[in-house]
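Sharing a structure here in structure tokens format.
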Amino acid sequence: MKKNFLVIFGLVFLVSGLFMPAASYSAKTLKIGLVDTYTGPATAFTLDVLDGFKLVVDKLNAQGGVLGRKIIYETRDEKFKPDIGLAMAKELVLKENVDVLMGTINSATALAVSDFAKKEKVPFFVTFSKSEKIILEKGHRYVFMMNEHTQMAGRAAAVALAKKPYTKYWIAGDDYEYGHAIANGVWKHLQKLNPKVQLVNETWWKVGEADLTPYITQILAAKPDFAIVATGGSGMVNFQKAAKATGFNQKVPFYQHTAIELSTLAPQKKNAPEGVFGTANYLFYYPNSPENQAFVAEFQKVYNRYPKVGALYGYLTAKFIVEGFKKAGSVDKEKFINALEGMALDSPVGKLAIRACDHQLELPMYFGVTTTDPKYDFLVAKDIQVIPASQYMPSCEEVKSLRK
Amino acid sequence: MAVNRANLEVEKGEIVAVIGPNGAGKTTLFNLITGILKPDEGRVFFKGEDITGLSPHNVCRKGISRSFQVVNVFERLSVFENVRIAVLSKNRMCWNFITPSAKLLGDETERILSSVGLADKKDSACSDLSHGDRKVLEIAVALGASPEFLILDEPTAGMAPEETDRCIELIRNLSDTLGLTILFCEHDMGLVFSISDRIMVMARGSTLVQGTCEEVRRNQAVQDAYLGGDDYDVS
Amino acid sequence: MRKGTSTRNIGIGIAVVAVFFLLPAFLPRFYVYLISLMLVYGLLATSLNIVLGYGGVFQFHHCVFYGVGAYATALFLTKTGVPFILSFLAGAVAAAVLSFLMGIITVRLSKLYFGMLQISLGSLVWAIVYRWYSFTGGDDGIHGIPVPEIISSYNGSYYFTLAVTLICLFLIYKIIKSPFGSALQGIRDNPVRSGMIGINVKRHLLVALVIAGFFGGVAGSLFVVVDKTVFPDMLFWTLSLEVFIMCLIGGWFSFFGPMVGAAIVIALRTFVSGYTVYWALVYGIVMVFVIFFLPNGILGFLEQRAKPADEKKLIEKG
Amino acid sequence: MDTGALLFQKILSQIFVGLSRTTILFIVSSGMSLILGVLRIPNIAHGSLYMIGAFMAFSVSNFFGGGSQGFWMALLLAPIGVAILSLITERGIFQFLYKREHLMLLLLTFALSLIFGDLVKLVWGAEYKSVPVPQVFHGHLTLVAGIPIPLYNLFLLLVGPVVAILLWLFVNKTKMGKISRAAAVDRDMVGAVGINVSRVFAAVFVVGCLLAGLGGVLVAPTVNVTLGMDHTLIMEAFLIVIMGGLGNIWGALIGALIFGLAQSLGILIWPQFGIIFPYAAVVIVLMIKPTGLLKSTW
């Protein structure tokens, strides 16, 4: 019966092995931990965040860093699994002693990490997760939202759609929190802005549904004026493909959040449906300002591709972290947070601030409709309408009442 | 493999053999008796009680136990544990979650193992046993359930001659000392005629003849269909 | 001879427990957390192994019980004022009840069919958790679950996890070694024969499934204590397969195999991912190697080497 | 709320469009069933091969200029590419492990699916990929009362039966198919009559995987080709195979029909919980027929 002995031996061996990579912490650095999904479909978005982030950090390190410290970043792949993501975040904070956490496209992970960051008093920058809970109900001092959340996206779309003549609406989408939240966001505010609108019906399909034709035919049969399609991730392309194949886009105009975004349109090349309404936080060809052109050129030079919305999120997060520490003058986390509150920076899309009351980055939203453009081998947006942050962000009072 | 019109009676304390060519339905008949298969029609009675369609564990509880033609033991367990499980089950201890099995019924298990002559190999793995020993273990597991009625499906199949002799001895012993009623099937005619009280002959799923060794030996139909037939497989 | 080894075993056991109790004194917080996590997954894998390694059941979707246990505890803690200990037990009981209900349906089937029916049923449960926003929080899950102060710190949750895991392991060990466990192993090796010696195979398996579900639920509730969060991925079939792999890598014919397997898998995924984003590749290759060269898992392999020659065959079989 | 005629129309259109999804499911799961039936491998990596098929379709289609020609070449070359990959896997790994327990094989294929998933990421990167629908199938046909059926879906409806017939011919009319059927029932026997079972197994494995690749190519024009598409498919394929009876190709067809239609009709009954209907169908089928609808080879 040497069994137990072997068990102990194995465990001791394992535990001692765990110690090895520890103790690599140096005082003269600033450490940023990125927990994000680098496996599976979400990678299409998250790699841009990382690349946009690196653009700033690499340049800065070449110039000597911030506060005399080099910036080090550690990436962790959470595989779109909240338990792994949370464990990774804990590893980064407790073992790697990172000063700042950022990341994740997975809302469940973001919420879990946010809760953890609150407890450990580590600033956490959310860079792609769209759940409004992160910054509204569950918001706190240590979490920063560097992208729009579902309610903001919905409100922005409602602002633009309220001016359109449609009244009979159909709502459809991916059946998960994100889809429902987007749809609710649009619908609630559209009703407020245009009381004449009425909901014909709703359709929801499972996330990752490959063939959406059955659902489209169902909507077509009811002949609504307009459809709000709340798809996310790869559902965006799946729906547009099915819409194109059935001619849906010619019969019923529809809106999708991020429909005009590069990650949705680029893979479809010239085959994407025209006339689709969409919103996005970033378009590399609009605004045609020198700042944006410079950012695109810099990104293209390093990575040889157009920056997508994620690149802007990553880029801005890095910028704000750096400037925040500069302004704070030390690596003290509380001072850093105080410095960030209300701070405004120039960006490719104009001057942007982090709102002090809820730590939401005040990004503008672009509303447009897909069209072909001879300059590119994929569809782009036209008739672009800029919706400034002030028009579609929940007010500080609303946030306050929700955070109770 | 279908069985129809099979009719078999076994008296208490008897040793009865079922013989018949391959595919005659002997194993199927045993499966029907022991509840592994459920008959579409026909009945099975044991000690005057209708046990048709009972599930195997209930059949076993009535006092019927069997061995299998292909060795069918608990491969990952030791010889001793193999038998102990049967003994535990017999003593209705399978729902005991607390007492370690190792402390239970060691003596009874030991006794069964020595009665079949496997006591010295009790700690071996099943896979280390010779084929003959595995067949004997097969019987020992069946004995673990302390049956009144024991069914043996080709107990000597594949055995070397000296092992066969040992097995015959064992079966006789079981009948004499424990007073078991034994039903078995066998291709080894020597064995069949040497120990059986009565013999049933099956062909194509039905009973051909049932009677004492003498009667069967003399029966013309049996001689035609079986003993003299070409399809007798000497395995 | 038996007496001697058993006292030695007890001595070793006490030493191990003592080491585990002292760990937080000299380990950094992260490792304390990590070991808690290993204990949780270890218990989960061990509970699966009751029916997998000892019962021969293709329990493909064990995580349903883990997830339901976690959700039950989380919901009790967030939505009711029920004392913690009752909420904790509610998780295990909910899992056991679900296991019983699913078991009634699945136990008639064997092997792959059993596993696939279980996956279908489990996916139904998953779909409900995933969809029922108002109650379960949908795919966002529930976060920041309030756990009593005393066990919410890293050390506190570690000691709680350690204590519960030890108790559960002890109970599972007792069950495996009891006549019930012997009969279960008999069923694993040969269900037909087990029926023929008077064991009610289906009922026996059903009870085993409920026990496995119960301890799976305990693991789920422990996860709530350690991470204070639940989400629907806990009930998704991919996690079930990973737990399966923990059993395999550690060795599913060894009592502590799943425990070791869980520790290895957790360590791998925590540390390899620090070096490469291709850690699924590393993980996959490790698994292929284990399957090729260590079919009985790492612990199985070590035991085999430690055992005298005549006992080796017993392990090699199958 | 619906009038009878409208409801009928809806059901009809749902069946029609549901069928094209069924075609893909059938093609993929018949391959899986074949491998399960003959080789006894519950192949989780089957989904990965389907994904690789789609990615290869993207590459081939791009290589040939992305137009119609690209698609047809992809339809020809991508399944062959997948077949070659599967041959390497079979010769390199599986052939040594046929004697192992199913559970081991299952886990091995899971490990392979992890490896394949990362390899796809290495080779093709993480960006979304899209394969254009060939020119001929642009547009749609309006069948009943303004309900459009995309031409490509109609094409799929034609491909399904063609694959089924070819598969039937392979299994019933070729020597290889006959041997493999015999091997499914009793592999020792086939070995005993002096047939090189190993070669037969390799061939069957390759044919099965080729079907997975074919499914991937066929689905590519209708969806976003992306990492993770293997996981969504594999469980569906498994459930279909189980529902139809392990190793029974016609079972796979019936299973795919039930699964696909349960999904598309379930939407009509209860849109909010449309997701549960296919699973519920599997549960019901297995409760009534515990070993699947048709005779299984196990």
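The first chain written gets the first letter, and so on, giving A, B, C and D; residue counts start at 1 in each chain.
Keep this in mind: contacts are C-beta pairs under 8 Å (C-beta built on N, C-alpha and C of every residue); 3 or more make two chains touch, one makes a residue touch a chain.
Since the structure is predicted, the reported quantities are computational estimates derived from the model, not experimental observations.
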Set of chains whose contacts include both subunit C and subunit A: D
Between subunit A and subunit B, the fewest touch steps amount to 2
Centroid-based (C-alpha) most distant chain relative to subunit B: A
Please find which chain has its CA centre nearest to the centre of all protein CA atoms in view. C
Could you state the distance in Å from the CA-based centre of subunit C to that of subunit D? 33
Please report how many Å separate the Cα centroid of subunit B from that of subunit C, as a whole number. 41
Which whole number of Å gives the spacing of the CA centres of subunit B and subunit D? 48
Could you check subunit D for residues that touch two or more other chains and list them? 117-118, 121, 272, 275
What residues in subunit A touch two or more of the other chains? 38-39, 175
Which positions in subunit B touch two or more other chains at once? none
Chain-to-chain touches, reported pairwise for every pair that qualifies: A-C, A-D, B-C, C-D
Mind pulling up the subunit B residues that touch subunit C in the complex? 34-36, 55-57, 60-61, 65-66, 68, 72-78, 81, 84-86, 88-90, 93-102, 104, 123-128, 141-142, 144-145
In their shared complex, at which residues does subunit C touch subunit A? 5, 8-9, 12-13, 15-16, 19, 23, 28-31, 33-35, 37, 130-131, 133, 138-141, 143-144, 223, 227-229, 231-234, 239, 254-256, 259-260, 263-264, 266-267, 269-271, 273-274, 277, 279-280, 298-299, 302-303, 306
Where on subunit C does subunit B make contact in their complex? 174-175, 177-183, 185-186, 188-190, 192-201, 204, 253, 310-311, 313-314, 316-318
In the complex, subunit D touches subunit C at residues 42, 44, 93, 96-97, 100-104, 107-108, 110-115, 117-119, 121-122, 231, 235, 238-239, 242, 246, 272-273, 275-276, 279-280, 282-283, 286-287, 290-292, 298
Flag every residue of subunit A that touches subunit D in the complex, lowest number first. 38-41, 43-44, 46-47, 175, 202-206, 208, 210-211, 213-215, 217-218, 220-221, 234-238, 241-242, 244-248, 263, 266-269, 271
